[in-house]
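Below you'll find the structures, each written out as structure tokens.
Each of the two complexes below includes chain A, the first together with chain B, the second together with chain C.
On to the complex of A and B.
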């Protein structure tokens, strides 16, 4: 009887408790508008500090075209504390988020206490507040920390404003340089200059070292350079040539390409005991390895079926799986930070574009619209892909956000810029 | 004892069968005035756009969510309307046809308003990047007949907080869905007084 009762209730409830449902799949193409109000300054402190901090934060947040700003001249008020803050002043300007803050003195040594609050204007709530103590000589660094927190609060993704880029600059046919800089192109440092080609820079997970390939001794050779001491060491793995080094997520080994008698294969190289372990063994070219975020798999490019395609190999079981089948050129694959998707260079009729693919899906999707894109790198928060591309003969770094709303090029100096590598986040 | 159980089971099976038959046959009689759900999905609405501009063709496809009755997709071909005008049927047939047309008119209204609501919410929702994650958040809305949003509630939040926040932000931007005020009052009460918005993201990488 109870069964029967439930059955009836179930059948009846199907009809009674269902109501109209409207699905929303598409979001707006608009960007969130943020007002970066100049920070207030306590008496006795250099007045320009307030404006400098808000400008630094604004510069960071607008860098990748993910937000738009309200111009300072259009602001109706310049509140620096919550008691002076009125939502309506921002609502009528169409602002989504408003950042205010205040700079206070801690001591006479120039240490400052900077407090800030972020408001969601539509919801009429404060969504973030915080304080930072720092030196007046490091306003830019302090601003990066605040920018990261704001970015994380609004987007739910990690802020990347204190990450760095490594890249190769080829200013004339005989000068190759490996450089690192902040993501806005500022603070560029040249790590090494050579007359022979330099390739494939890759950051160690602790951000202290960079591995790259240099031809300075005539053959491709992998060097690891310490960023603090500047010391360079060749890893001198066996084989004729070594190339395409990539650090494992735990930093203990490198995946690399070693060529014995002209046939490149993928190997693992342990940095502790300098032992080389073979992963692939095929007469085709296997190259461009990269680790999955969980370190269990390595994606690589191979022409074993006649055209370059992407494969992945389990580092323990050595089981291989082909990942791409569309078109006759899919190369330089990398995993997204969540390990569920990959991005790579997809060639089609002489055009080379950056494409993405969910590992669980058959389809690939091209992201970029330029035609000679190469060596894509992803931001550690998984939201931005940068790549080297060409404008005539000049190489520059282009970028795109994954939702496709924003495309940008990174400010770089003269000379062709190639092979960007994005540093990991600071832990 | 076993015999008793078997016969009881048979009884339930027959009952289940009968109730299925009942639910299938009761569908055409299910006027929109019964509390039924009409799930409007995106693709139907994009087809529906054509109809919005040419309302003379009553080619409406409505997917009903009543789970037991998947046969409820209802199509009225333009030719069918023509047939009705060409031939004389007996009285009950005509009555049937009229109620069908009335029904389709009501459904068309529901679809039209749903499409407007959908595009208005879409135009203000700034969807965050959810990488490869698939997310679903359900919001329940109460409307006044004037279209004023009386209140809304996240009834089924997703696991991603910034996704939920983006939806709350969008919902706070919207104060009126005034298009419902042109609806027949009965239709409004039955469908738009209280309805759900289902926000979905399949991740940035399709």
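On to the complex of A and C.
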């Protein structure tokens, strides 16, 4: 009966405004300058398509403060094919890379063939060319694919422009929502609304489901929600509190925390046979599990020595290793995609900040300078960390790029936003 | 030097107590959960609350769950009322500092500390319902020492 008390709003698309919008706070010092030349358009095709595509790509590439652009009004020429392209027009403007392209018609059904070329101005060579066939109704999606390819070509890192974020919004003290959106905050969808707290969203590796904790029945319970059907299933684990679910890299099980009468330990939960297997057994608090990229280890927080510190446990041998020793608060660790470093929340003189550490070294590097930072999540290419922080009474998301150290924020218009979870890449 | 030796012994005793509790829990967990679910949530909170005129909260230090003399004194004053009550609800909370999932566990531990004190004083464990909200339901939303001190609490209510 209680369940009916809560309003279930599934996939209510809200395109009119987005809750999150990225603001660049500090770009890196020596940003590469990119010219996104409006794409040429074949006769007979809507002329604005060319400009729309180059603007979408420009918007993506500038999203996290990793590049600067050459404004369209300052361009000396607007080439759309290699034969019209002159390096000197771009060299003189201090441009490092130029992107040109052309939109051609495939058939009368609105299918387009979009070809593009990327030039390295300093080396005077074409470094990428490609073409994509897609619908005129999906210019934004096509632009994301092109953005991913040129980002990968320039930085050597996977492009992440078609990934998504999940997060918890607390718009007033009585309203908790779990939402997903594109990484630029657009296309926000509310997955579930409740009067009781919601915590700990985590994406399944196939991006089709999200696991999270909901208090809708009065205590912490883990739910898995299917993003297509909207169906929600609770995990009937025993114990008082079930929390902190994280999907294994193969998507077949969850690591989670079960508290049998007040003793939280890490368990593995098989989604096939619903079997619960104990991983840790200690009277202290063991929580916040997360898988290593090779699935062999799980990092977790434990206060077994008196203060929260990070440990890892081998899921087969059950051998444990302490990972942090400096400071009296190191918690909610996650592995980098390469498995060689970790990032976590580091408490230092009453400030809680996002920090990283190589597994091979003792040295902890603090990345953020605000004081109430938590819930860090990493982009699938390992270059961007977003985290929750607080300004006055409102929570918002902050972000940092690891290579160039540019900083950005995703402010929220109403209430507080927290616990960002970054989706995996599309396969 | 003596402290150094005493601490491991204390921890060992604590471990033994926890073991006893968790063994008991394994048997009755499903029952306990069903009982809890039937009284938890919004409907449960609309039931008539027993008025005691006592303070309804005990407070804690950062990242700690131990009760001080003042807390214990307050809890002892509850004992005659608890005899008349059907249910004792203990709700553990934390301040916003540190991580959310760790705080969920810490809030639970605070509520259990209160439960264990009441059990030692003769209250039946069956009467007691424990829930933690971690840092999800602060009383004060400001980020300063005063707000944090008020938010690190266990709320006691009798039904």
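By our rule, the second predicted complex is superposed on the first by the 394 of 427 C-alpha atoms of A that agree within 3 Å, B and C clash if a C-alpha of one lies under 4 Å from a C-alpha of the other, contacts with A are read in each partner's own complex, and residues count from 1 in each chain.
Everything below uses one rule, namely that a contact is a pair of C-beta atoms (placed from the backbone, for glycine too) under 8 Å apart; a residue touches a chain by one contact, two chains touch by 3 or more.
If you're wondering where the values come from, they're calculated on a predicted model, not measured in any experiment.
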Once chain A of both complexes is superposed, is A:31 in touch with chain B (first), chain C (second), both, or neither? first
Does chain B (first) or chain C (second) touch A:215, or do both, or does neither? second
Examine A:329 and indicate which partner it touches, taking first as chain B and second as chain C; both and neither are also allowed. second
Figure out whether A:382 sits in contact with chain B (first) or chain C (second), or with both, or with neither. first
Please indicate which partner A:155 is in contact with in the superposed arrangement: first for chain B, second for chain C, both, or neither. first
Using the touch definition from the top, say if A:308 reaches chain B (first), chain C (second), both or neither. second
Any idea which chain C residues touch chain A in the complex? 14-15, 18-19, 21-22, 24-26, 29-30, 32-33, 36-37, 39-44, 63, 96-102, 104-106, 108-109, 112, 130-134, 136-137, 141-143
In the complex, go through chain B and note every residue touching chain A. 12, 15-16, 19, 23, 30, 34-42, 65-68, 110, 114, 117-118, 121-129, 131-133, 138, 160-163, 165-166, 168-170, 172-173, 191-192, 194-206
In the complex, the residues of chain A that touch chain B are 3-4, 7-8, 11, 14-28, 30-32, 96, 120, 122-124, 127, 154-157, 336-338, 340-341, 356-358, 361, 363, 365, 382-383, 401-403
For the complex, give me every residue of chain A touching chain C. 1-2, 5, 195-197, 199-200, 215-220, 238-241, 243-244, 257, 259-264, 283, 285, 287-288, 301, 303, 307-308, 329, 331-332, 345, 347, 350, 352, 372, 374-375, 390, 392-393, 418-419
